[in-house]
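Per-chain numbering from 1; labels A, B, C and D assigned in written order.
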Amino acid sequence: MIHPSVLRLELAVVGLMLAVLLGDAFARKASRRYWGAAVAAALLALAGYAAAGAGILPNASARVFTAEGGFLVDAFALWVKVFALVATAVCVLLTSRTPGEDAPGFAEQVVLQLGVGLGMMVLGSARDLISFYVSLELMAIGLYLLVAWRKEDPLSLEAGVKYLVYGAMASAILLYGMALVYGAAGSLEFGIIRQAAATRSDSIVLLAGFALLLAGLGFKVSAVPFHWWTPDAYEGAPVPSMAALSLLSKPAGFIILARLLFDVFWPLHAMWQGPVAWAGAATLLWGGLGGLSQTNLKRLLAYSGISHSGFMLLALASPTRSGVAAMLYYLLAYLLSAGLVFTAMCGAAGPGARYDLRDLSGLGRKSPWLAGALLLGLFGLGGIPPLAGFFGKLLVIRCVVSESGWGFAAAAVGGAVGSLYYYLVVVKAALSPEENGAPPIAPVGRSLRALTAALAFGLLLVGAWPASVWGALRNAAEALCQ
Amino acid sequence: MGHAFLLLLPLTAFAVGGLFLRRRHALAATVSTASALASAAWATWLAWAKADPAAGAVWLDAGGFTVVFRLEWDALARLMAAVVTWVGAAIHVYSWGYMRGDPGTGRFFAFLSLFMFSMLGIVLAGNLVMMYVFWELVGLSSYLLIGFWHERASAADAGKKAFIVNKLGDFGFLLGILVVWTVLGTVDFLDLQAAAPTFRDRLAASPLGFLPLGAVALLLFCGAVGKSAQFPLHVWLPDAMEGPTPVSALIHAATMVAAGVYMLCRLFFLFALSPVALEAIAWTGGLTALLAALWTVAQDDIKRVLAYSTLSQLGYMVMAVGLASPHAAMFHLSTHAAFKALLFLGAGSVIVALHHEQDLWRMGGLWNRMRWTSVAFLVGMLALCGVPFFAGAASKDGILLVALRENRALFALGAFTALLTSLYMGRLFVAAFLGAPRGEAAARATENGWVMKGPLAVLALFSFAFAWRGGWAHDCLATLVGAPMEHAPAVVHAFFILIPLCGLLGAWALYREKPTDALGQLFPGLRRALASKFLFDEFYLWLVRGVQERFAAFLRGVDQWGVDGLGVRGVSLAAFCLGNVLRCFHSGSLQFYGFLLGLATAALLIFGVLR
Amino acid sequence: MEPPGLNHWLVVSAMLFCIGAAGVVLRRNLLVVLMSLEIMLNAANLALVAFSRYGNGLDGQIFVFFVITVAAAEVAVGLAILVALYRLCGTVRVSDIATLKL
Amino acid sequence: MEAALFHLFSFLTLAGALLVITRRDPVNAAMLLVLTFFFMAGLFVLAHAWFLAAAQILVYAGAIMVLFLFVIMLLDAKEETRRCFGRVAGVGALAVGGALLAALAGVIRDGRLWRVPAGDAEGTTAAVGRLLFNTYLLPFEVASVLLLAATVGVIVLIRAPRRPDDAPPSA
C-alpha cells in the first residue's frame, strides 16, 4: 500500500512539473514573465513546509514508512528534501535568467530540473535498491539532457555526450554492484542487506558488490579516481545545468553514500573507513592542485568542486555522528557559496559565454553587486570566516584529526590552501580593470538580486551562528545512524 | 556588561557603509569615524570601570565539542583594546585628509570598520575558535585594504601575497588549535589555562602522542609567524605597503601585525610548557629583528624603511615572549603601536604633500616647509630609537634587560639591532627632512590640514606619555607585569643611552647633506676638510658600505632567492607543476576516461576486495 | 551434462560485462559506444536474473524490468544528443569531440 | 538438455557481443546486437524468467534496435573506412576488459557459488505483475516520471530550429 500523504512533498513537485508543462502548452508568451520566480517561490514554500516537518514526522526521531517499506521518511530524509527543494529553486531561478523565460525550451528545462530535484527527494527516502536505482537514474537522465541543452553550441553537446557515456558506464558498474549485493544478501531491501552485512561480512560477493557501488557513487560525487568527467562536463554545460550538477547531483551522491555507509553497510565500517579516507585525501589534493593553472572559470570551479568532494569524503571517513553532521553542514555551506558564484556567473555573461577569466575583467566596475556576490561566494568556498565554509572545514578537519589521523588533516589543510589560491586568482580577475573584448553585462534583474541577497544572508547566518542549523543537522545525523 | 558593543559598533558601521554608503563618501567616513571614536571611548570606560563581560552563549554544540561565544576582558585584553581603539580612532580621523578625493572613499571606510571589528574580535575572543575566526577576518580585511587600489596590478598582487602567506601560517595555527582541542577537549582560555599543567601527560596518552609538546607549541607559533611577519614568512609585509598609508599605519604597523604577539601572550601558559619552543621563538624573533634592521639600511622608499623597521621591532616583541617575558612584549607592543603609527602617519603626510613621491633621495629640506610633521616625526623617531624620556626607551630597554638576564647572545644581537635602528632612522630623518630639497615636489611641499595634523599631535603625545607617567596604562601594565620596570645597574643604563646616541650621530656624520645614497660619489671637499676624521669616516664607510651593506645585499639576495624563491615560491612552483601533471590526465578523450574508469574499478575490486 | 550452476551464469554475465566495457574503450563510433553500454547493462541484467533463479525470489526480475525501462530512456536520450551533435558538427566520432580538455 | 541449451545460448550471446564491438559497419553491429539480445532472452527462458524474456525481445530487440537503426540511417553513418579502432585503443580495451574480467572472475571463484541450489521462483507475467504493482509500485511511478522527463527533453533536443534566425552558427 502507498499512503499518498507521506508522499505529499514529492507529489507537489510532480504537480508543479505538470503545471509547467500544461502552462507551456496553453499560456501565451506574454504571460510568462515571472514563471521562474513563481516556480522557485513554490519550491521554497514547500521547502519551508518540509523544514517544519511537513506534517509527516511527529518528532525528530520518528520513522514513517510507506510503499511496503520501500520509502522511509525520517529526519535525515526530510533534511534531504529541504536541501533538494532549495537547490532546485536556485537552479530554476538561474534558468530564468539564462536563456530567459521566453526562450524556446525554457519550460522544458524547468521541468527537467524539477525532475532532477524530485529524483534527489526520492533518493533520500529510498529503502530498497530499485527505488535507489530508479531515482538516481531519474536525476542522471535529466542531467544528461540539461548538460547538452544548448544544442546550438558544440561544446555543450560534447559535454553532454561525454557525461552520458561516462555516466552510463558508471551506472552500469553501479548496477552490477547492486546485482552482486542482491545475490549475496538475497533481497533488495536495505534492512535485510544490513543484516546480511552484519552476519555474512566475509562474503566476497557482498564485498565486491559494495565496492562496485562505491565506484559508481564515486562517479556521482567526482571522487578520485572516478572523477575524470567533471571538468569537461562543467566547462561545456550551461551555467544552470552546471549548478544542477554541483548543487543537486553531487549532494545526492553524498546523501546516498551516507545512507549506504552509515546505515546499510554500517557493519562493515572497519573496512570502508580507510579507503574512503584515502579517496577523500586524494580527491582533495587533486582538486586543490589541478585547478591552480586553469584559466577558465567553469573548469576552475569543477576542480574546486572536486576538492570540496574530498572534504566531504573525509568527513564521511570518520565513522561518527559528528562526521555525518559535519558532512551535512559542509553540503549546506557548499550550496550557499557555490550558489552565489553561479548566480554571479549567470548575471555576468550571456548564455553562450565561455567564462575565460579574462572575460571577467572589469566586473567590479560594471556591477559591484555581481562582483560582491562572486567575492562572497568564492570566500565562502575558500572557507574564510565568518562565512559558512569556514565552520564546514573546521568541523571536518576536527573530525579528521580525531578519527582518521594527522596525515589526512595535513592533506586537508594543504588542499584548502591550494584552492584558496585559485579563488583569489578569480577575485583578482574580477576586480582588475576592464580589458578589450570583455562582454557587456545586462542589468541585474530583480529575481537575481533577491537570490543573491538570500544566499548571502544564509551564508552569513549559517557561518556566523552555526547553532541556527546545527540542531536540525544533528537530528538528521542521528536519524541516519541508528 | 555591554562589551559586545565594542564589536557591534564597528560591525554596524561596516554593514551600513558597505551596503548603503558606497557612493556617499562623506557620510560613510563620518559613520565609520564616529564608530571608531565611540568604541575608543567605550573601551576606555569599560577598562576604567573594570567591568566584567556577560557570560557566553553557546555558539556551536557539535556533539563532543562545544564552543561558547564568550568575551574576554582581563588586563591583557584591556590594554590591547585601548591600543587598538585609540590608534584606530586617530587613524580614522587622519584618513579623512589622506583619502580626500579618492573615488573609493566609502569603500575604504567600510573596510576600515571591518578591520576594527575583526581586530577587536581577536582582542576580546574568549576561546581559540573565536580567536581563529577573527584572525582570519583580520587577514581578509587586510587583503581587501592592501589591494584597495585593486586596479593597480602591484596592489592586487601584494594583497594576494599577503593573504596567501598569512594563510600558510594560519594553517599551522589551525592544526595547533585542533591538537589542543583534541587533547584537552576545550578551547576556552580559562579552561585551557586550568588544564595546561596536565597537557603533557594528556598529549602523550592521546592518539597524537607521537607529537612532542614543543611541536604543538610551534604549530601554534606558526600563526604568529605569519601574522607578525616573522622570518621566514616576513615576505608579505614590505609588499603590503602598496595599500594606502593609513592602512599601513593601522594594520601593518600598529595593530594587525601585533596580533601575533598578542596571541603569543594570550597563550603564553601553553608555550611556557616547552622550553625548547620558547628557545625557538626567541631566536626567531631575534633573527627577524637583526635581519630586518640590516635590510632597512639599504631601503630608499620611505614607507619601506618603516615597514622593515616594523619587522625588526616585531622581532623584538617575539623575542621577549620567547625569553618568557610576555609583559615586556606587551609593553613594547603598546608603545610601538603609538610611535610607529605616528611615523607612518608622518610619512603619509609627507607623501601627500609631495604628491605621492616616496623616494627618500628626492625629498630633503622638509624641516622648514613642514614643521609640524617634522617635529612629530622627530618625536616618533626618537621614541623608536629608544632615546630616554620617549616611549620606546622604557619598553625596548625592558626587553633588552630581560635578554641580558636570560640569554647574553640574544642581548648582543638585540643591542646591535638597536644601534642599527638608530642609524637607519637617523638616515631617514637626515635624508628626508634636513638639507636642501632634492626634488621639485620637495621644494614646493606645504603642510597639510588639521585633519592630518591633529592625529599626529595625539600620537606624538602618546609617544611621550608612556615613558614616565602612564597613569591608567601603567596600572594595566602593573597588573600585567607585577613590576612595570626592571631595575638595572647604572652602567647598563648608560649603555642604553649610548646606543641611540652613537647610531644617530653616525647617521648624521654619514648622510648629512648627501644628494644620493651612493657614498662612493662623495664630494672631494669633504675629504679634505675632514682629514682628521678620515680614518673614522673610512672605517665607518668601510663598515657600512663594504661589509654591512654588502652583507645586507647578500642577505637580501638570500631573502629573495632563498626564502622567497625556494621557500614560498618553490612550494607554489612545485604545486603548479604537480597540478599540471594532474591536468594531463584530463586529456579530453572519452576513450581514455573510460579506460581509466574501468581500470580504477578493476583495481578497487582486486586490491580492495580480493587482496 | 551437469546442469549449469550459479557460477556459470555469473561467468557469462561477467564476460558480457567486460566485453561491453572493452567496447566503450575500443570504438570510435559513438553509436557503437552506446551499444556497448547496452551490453554492459544487459550483463547486469543477466546477473540479476541468475541470482533471482538461484533462490532469491522474483525481486531480481522486477529489477531487470526497471533496468530495461531506464535503459530504453537512456538510449533515447543518448541518440537524441548524437543526432543534435551530428546536425551541428557532422560527426559522431569520439576523436572529434575532444575540444574540452586539460 | 538444459545444460546444452545454456552453453549454446551463452556462447552465442558472447560471440554476438564480441562481434558487435568489432564489426566495422554500424548497421552490422546493430543487427548483431539484436541477435545478442535474442539469445539472451533464451537464457532468460532457461532461468524461468518468462515475462522478462518476452520483454527483452519486445523492448530491446524491437524498440531499441529500431531506434538505433533509424538513427544510423538518419545520420547516414557509413562503414568505417579503415579499422574501426586505433591500435592504442585496442590495447586499452584489452587491458580494461582483462582487468575487469580477472577481478570479477576472482570474485566468482572466491564466492563459492556453485553449491547454491536453484530456487522455485517462476517469473510468470501474473507473478511479476503482482509484485510490481504492490511492492514496487512507487519506483514504477518514479520510472513513469523518468520517462516523461526523457520524452520532454528529447523532443526539445531534436526539434529542428523553428525560425531561420534560430539556426545554429556553422561549426
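We adopt the following convention: a contact is a pair of C-beta atoms (placed from the backbone, for glycine too) under 8 Å apart; a residue touches a chain by one contact, two chains touch by 3 or more.
Because the structure is predicted, anything quoted here is derived from the model rather than measured.
Path length between chain A and chain D in the chain contact graph, taken as the least number of steps between touching chains: 1. Across the two candidate interfaces, A-C and C-D, the one carrying more C-beta contacts is C-D.
Chain closest to the overall centre, judged by the mean of its C-alpha atoms against the mean of all protein C-alpha atoms: A. Per-chain Cα centroids separate chain A from chain C by 26 Å. For this pair, chain C with chain D, the centres built from the Cα atoms lie 5 Å apart. The distance from the centre of chain B to the centre of chain D, with each centre set as the mean of the Cα atoms, comes to 68 Å.
Chain A and chain B have Cα centroids separated by 42 Å.
Shared contact sites, meaning residues of chain A that touch two or more other chains, fall at 130, 133-134, 137, 141, 145, 148, 151-152, 154, 161-162, 165, 169, 173, 180, 204, 208, 231-232.
Residue positions of chain C with contacts to 2 or more other chains are 6, 17, 20-21, 24-26, 28, 33-34, 50, 54-57, 59, 62, 66, 70, 73, 77, 80-82, 84, 87-89, 97, 99-101. Residue numbers of chain D whose C-beta contacts span two or more other chains: 89, 92-93, 96-97, 100, 103-104, 107-108, 110-111, 113, 135-136, 139, 143, 146, 150, 153-154, 157, 168, 171. Within the complex formed with chain D, the residues of chain B that make contact are 591-592, 594-595, 598-599, 601-603, 605-606, 609-610. For chain B in complex with chain C, the residues that touch the partner chain are 583-584, 586-591, 594-595, 598. If you check the complex, the residues on chain C that touch chain A are 6, 13, 17, 20-21, 24, 30, 33-34, 37, 40-41, 43-44, 47-48, 50-51, 54-57, 59-60, 62-63, 66-67, 70, 73-74, 77-78, 80-82, 84-85, 87-89, 97, 99-101. Per the touch definition, chain A reaches chain C in the complex via residues 129-130, 133-134, 137, 141, 144-145, 148, 151-152, 154-155, 157-162, 164-165, 168-169, 172-173, 175-176, 178-180, 182-183, 186-188, 231-232, 235-236. On chain B, the positions that touch chain A within their shared complex are 22, 58-65, 129, 132-134, 136-137, 139-140, 147, 150-151, 153, 156-157, 160, 163-164, 167-168, 171, 174-175, 178-179, 181-182, 207-208, 211, 572, 575-576, 578-580, 582-583, 585-586, 588, 590, 592-594, 596-598, 600-601, 604-605, 608-610.
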